[in-house]
Amino acid sequence: MTHEQNTSPNSPATHHWVLALSCVDQPGIVHAISGAVVESGGNITESQQFSSHDTGRFFMRLQVQSPATRERFEATLQPITERYDMTWKLDVVGRRIRTLLLASTAEHCVNDLLFRQRGGQLPIEVPLILANHPTLGRTAEFYGVPFESQPVTNPESKAAFENRVRAVIAEHHIELVVLARYMQILSPELCAELNGMAINIHHSFLPGFKGANPYRQAHSRGVKLIGATAHFVTSDLDEGPIIEQDVVRVDHSLAPAELVALGQDEESRTLRRAVTWFAENRILLDGDRTIIFQ
Amino acid sequence: MTHEQNTSPNSPATHHWVLALSCVDQPGIVHAISGAVVESGGNITESQQFSSHDTGRFFMRLQVQSPATRERFEATLQPITERYDMTWKLDVVGRRIRTLLLASTAEHCVNDLLFRQRGGQLPIEVPLILANHPTLGRTAEFYGVPFESQPVTNPESKAAFENRVRAVIAEHHIELVVLARYMQILSPELCAELNGMAINIHHSFLPGFKGANPYRQAHSRGVKLIGATAHFVTSDLDEGPIIEQDVVRVDHSLAPAELVALGQDEESRTLRRAVTWFAENRILLDGDRTIIFQ
Amino acid sequence: MTHEQNTSPNSPATHHWVLALSCVDQPGIVHAISGAVVESGGNITESQQFSSHDTGRFFMRLQVQSPATRERFEATLQPITERYDMTWKLDVVGRRIRTLLLASTAEHCVNDLLFRQRGGQLPIEVPLILANHPTLGRTAEFYGVPFESQPVTNPESKAAFENRVRAVIAEHHIELVVLARYMQILSPELCAELNGMAINIHHSFLPGFKGANPYRQAHSRGVKLIGATAHFVTSDLDEGPIIEQDVVRVDHSLAPAELVALGQDEESRTLRRAVTWFAENRILLDGDRTIIFQ
Amino acid sequence: MTHEQNTSPNSPATHHWVLALSCVDQPGIVHAISGAVVESGGNITESQQFSSHDTGRFFMRLQVQSPATRERFEATLQPITERYDMTWKLDVVGRRIRTLLLASTAEHCVNDLLFRQRGGQLPIEVPLILANHPTLGRTAEFYGVPFESQPVTNPESKAAFENRVRAVIAEHHIELVVLARYMQILSPELCAELNGMAINIHHSFLPGFKGANPYRQAHSRGVKLIGATAHFVTSDLDEGPIIEQDVVRVDHSLAPAELVALGQDEESRTLRRAVTWFAENRILLDGDRTIIFQ
């Protein structure tokens, strides 16, 4: 059995819980879980489930209003999570998850995330933006977010940057790393360490146009829609589980630079949705595919 | 307490149930229902729920695989549906519901529904198409569906037509009446009798452009998107609960007749989705609004 | 004959012209205009035209690369614009038009416009943001745009605000006024003065849900798509010529406040497109309808 | 110089022409062409043009109302088409082009094309449907279209089928061949012969998921949108110039068979648009990319 907890040292005494879980599919799971909810004095306000034919696993996400403390609710859940050998996570609805942004020079995704985070529409807090260029320092300052940059120009500086990533994750109890158009390829080691907790935005409709310069590829292929793909980072570049995709219509008259400008809006929207769903514990992994409980 | 049953005289001995229910929201409902599922030896394969802040009601739709007969499953459910004063319906997943199509001369919606019905993608059976023009007789014949037409030109012929609708509903145990671009206004009495079981397709994005000639209205207003709206029929014309809407982009260069041609595709798609959801027991009513459990 | 010119006192000696014109439709217009282009040594790089069946008028937008000065090109065009009694405008491709933003407390549209303006994706310059609240002062400062606020709380302060609008327009040679979620109704007099040069964003899919609280109206009507409409300001509230519209899918589970959050993205995108097209001289008026030459 | 003509033996004496042309980009082309229109007594009712930065070519499509006969109009155009070494085609607006449908067992695309062709919304006439299965014979009969089937099971029967294609093209002066979910790969020789006159619908969003079973590939990759691509047939499988693409949103809950059902609607719409644009002379080729003059 594995499980994760809200690692916030002083989580507020809230009464709106979100529970996400998965286990081997079998009868009785919903009844067992809803029984624990009743026992804790709670009421289910939102519930979604899915049984995967591909893997034989069952997935569920619940929101529960309950007077129970975390300790009490966990104690009630424990016999069930053990009986069904569940992977599960209990969190507080609306809690802002600690998010590290990796950035480069492109501002659109960073600006979009910070604008919505500040406006309360995106439940993340950003202890730091770490960039390989100083360009976005002023943007970070405007939104009141700490910013650091250190160049990545060779294997040594790349290793140093990645070690700084590791240090920030440890120091700030980072729960999510967002590559907000961070244009460097992470090392396989770091990808492995970030497994399931790092989201990248790729500026194409994957699996089309992997790799570099996807807008140029899209132009030369003459596609009629261009897109963006938010996916989990894995060491297999541009092959991680897809979280969200969107497209926008284009035509023959647009040069690659115009595709870039048009596509940036899709990139921002697509990444924003993926981050929101992650922060709300709406993404579960079923092998290499994502279950999204919207 | 009210409830509906599958009224099919010889429903097949199936083991895949769909249960749709609503009641006043309160703790314990999910646990009680899932307990009945466990008691009947069943497994929940799909589940959705919603608590309405507007009306304080709770809505749920379940799919359950179970060895229980209908009698056994209903007996297990009965104490729960009574305790919570539920409105509920138990049906068989995939059962084709008996549908009466009302039509006039426009073929696109009728053709779309019959094409998909014949191909097994739309779980309806159509004992009759009733039209006020003979135009679509050949279409009905192609799809092997009985067809009748009788003109509606004055109050007497209108009353006769509506009495024929009533007779067909009774004779064929009709569960759904679809106004597939049937261009006549039904009498308030018939609207009342068909409450919650008749779907109309309006060729505009309601509440914009109610009434006649919506495409002409859309052209003169210069809108940039035109749409279609599938809604339940009520005596308050074009004001019934909305089930589905869709739009398509247009521009200044299109004449009203071209808007009509473009809009027909949206009408067909929108109506088809509404009929599918009704047939799959995915539509529940929350006052004047619909809950759609997709 | 009426015509507008680029009123910029020192327009740069550029060689990429945009010419937008309209006149009564008749044979020979294209040949006459293209003849003037040839005579000026130019080459047509983009051309669109439309003949309106509603009004019998002809509309055209050309981009021309030419070594001719403005004086020379205008002199070549003059006999043609007089012969056909054209309304026309000659401008420089890519010139940033002088834009006054009117704002209140909502930041999303202002932020979107300024972000793209600064990034060079929106050809406007903003000499001033004028607001009835001080809220957005910091945003303006971040983007380096002058900001003023003065409260509008009664007829006197409203008249003072509108007089300030008039003064700013005169002083800064304003070409476009954008009501970027400025929540006040302009006086009929000011609407008349701003005829054809002021764009508003309405937070609904007009003509549905005119007036106040459109998201609340949309929620209570249970629509399945919500939208935004950018339109020219006229004294007939929410009835001005529509420039652009867009929608986003919603469902029963969303409260009015959630519709607001979702809709803000559509508002920003819709307004941004309308402003871009205005700045690029792509919008022509055909009675109460707009011709958009994308 | 190359050019095509309307090869209809007895084209009606119409006065609404469509002229599509391309040549090396240079100044004066529009003026020369519009001069020929004026000389023929005509009026331009629709005009679009594009200068390709990729190939340096100029593309234009005009609709012209003119009292001139074809001979007279062609004679007026001839000096211009020769001077600029144009590839050009003169046709009659609204003429139904002679179209051969190749089909297999899937009915959705064939039904969609024939439904709209019969309703006058798609300007094609279909002298024959040629299939490798007899399945769609009844559909063809319903729409009053001749139908032939001959099996393709080995190299010999494949060669025989392709020879029948060649014979039908010659006999019926076929202008367009549509592979309406014809599931066989054409020989490289036939692909070459059909260059620029054959359209295929691929059931994925190319360049993603080339080859067989794209919906299964899409499912296992977990994409969030599936699509369809209409493209010209070339011997390089699934790599021909793209004409149109569209997508539809999907989620984790859909099995490959459900993706198939959902995707069929996109396939039908996408293919229909491509065929419409071809029939209206709106598609021009710029190297491997298409110019679409909508």
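So that you can tell them apart, the chains are marked A, B, C and D in the order they are listed, and the count of residues begins at 1 in each.
In the analysis below, a contact is a pair of C-beta atoms (placed from the backbone, for glycine too) under 8 Å apart; a residue touches a chain by one contact, two chains touch by 3 or more.
Chain by chain, the UniProt names read as follows: A, B, C, D = Formyltetrahydrofolate deformylase.
Worth saying up front: this structure is predicted, and the values here are computed from it rather than measured.
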{"item": "Most distant chain from subunit B by Cα centroid", "value": "C"}
{"item": "B-D against A-D, pair bridged by the larger set of C-beta contacts", "value": "A-D"}
{"item": "Gap in Å, rounded to a whole number, between the CA centres of subunit D and subunit B", "value": "37"}
{"item": "Distance between the centres, which are taken as Cα means, of subunit D and subunit A, whole angstrom", "value": "42"}
{"item": "Residue numbers of subunit C (touch at least two other chains)", "value": "none"}
{"item": "Of subunit D, residues touching subunit A in the complex", "value": "50, 52-54, 205-209, 220-225, 227, 241-247, 251-253, 255, 286, 288-292"}
{"item": "Complex contact set, residues of subunit C against subunit A", "value": "107-108, 111, 115, 119, 121, 138, 142, 261, 265, 269"}
{"item": "Touching residues (chain side subunit A, partner subunit B) in the complex", "value": "25-28, 30-31, 34-35, 37-38, 41-49, 51"}
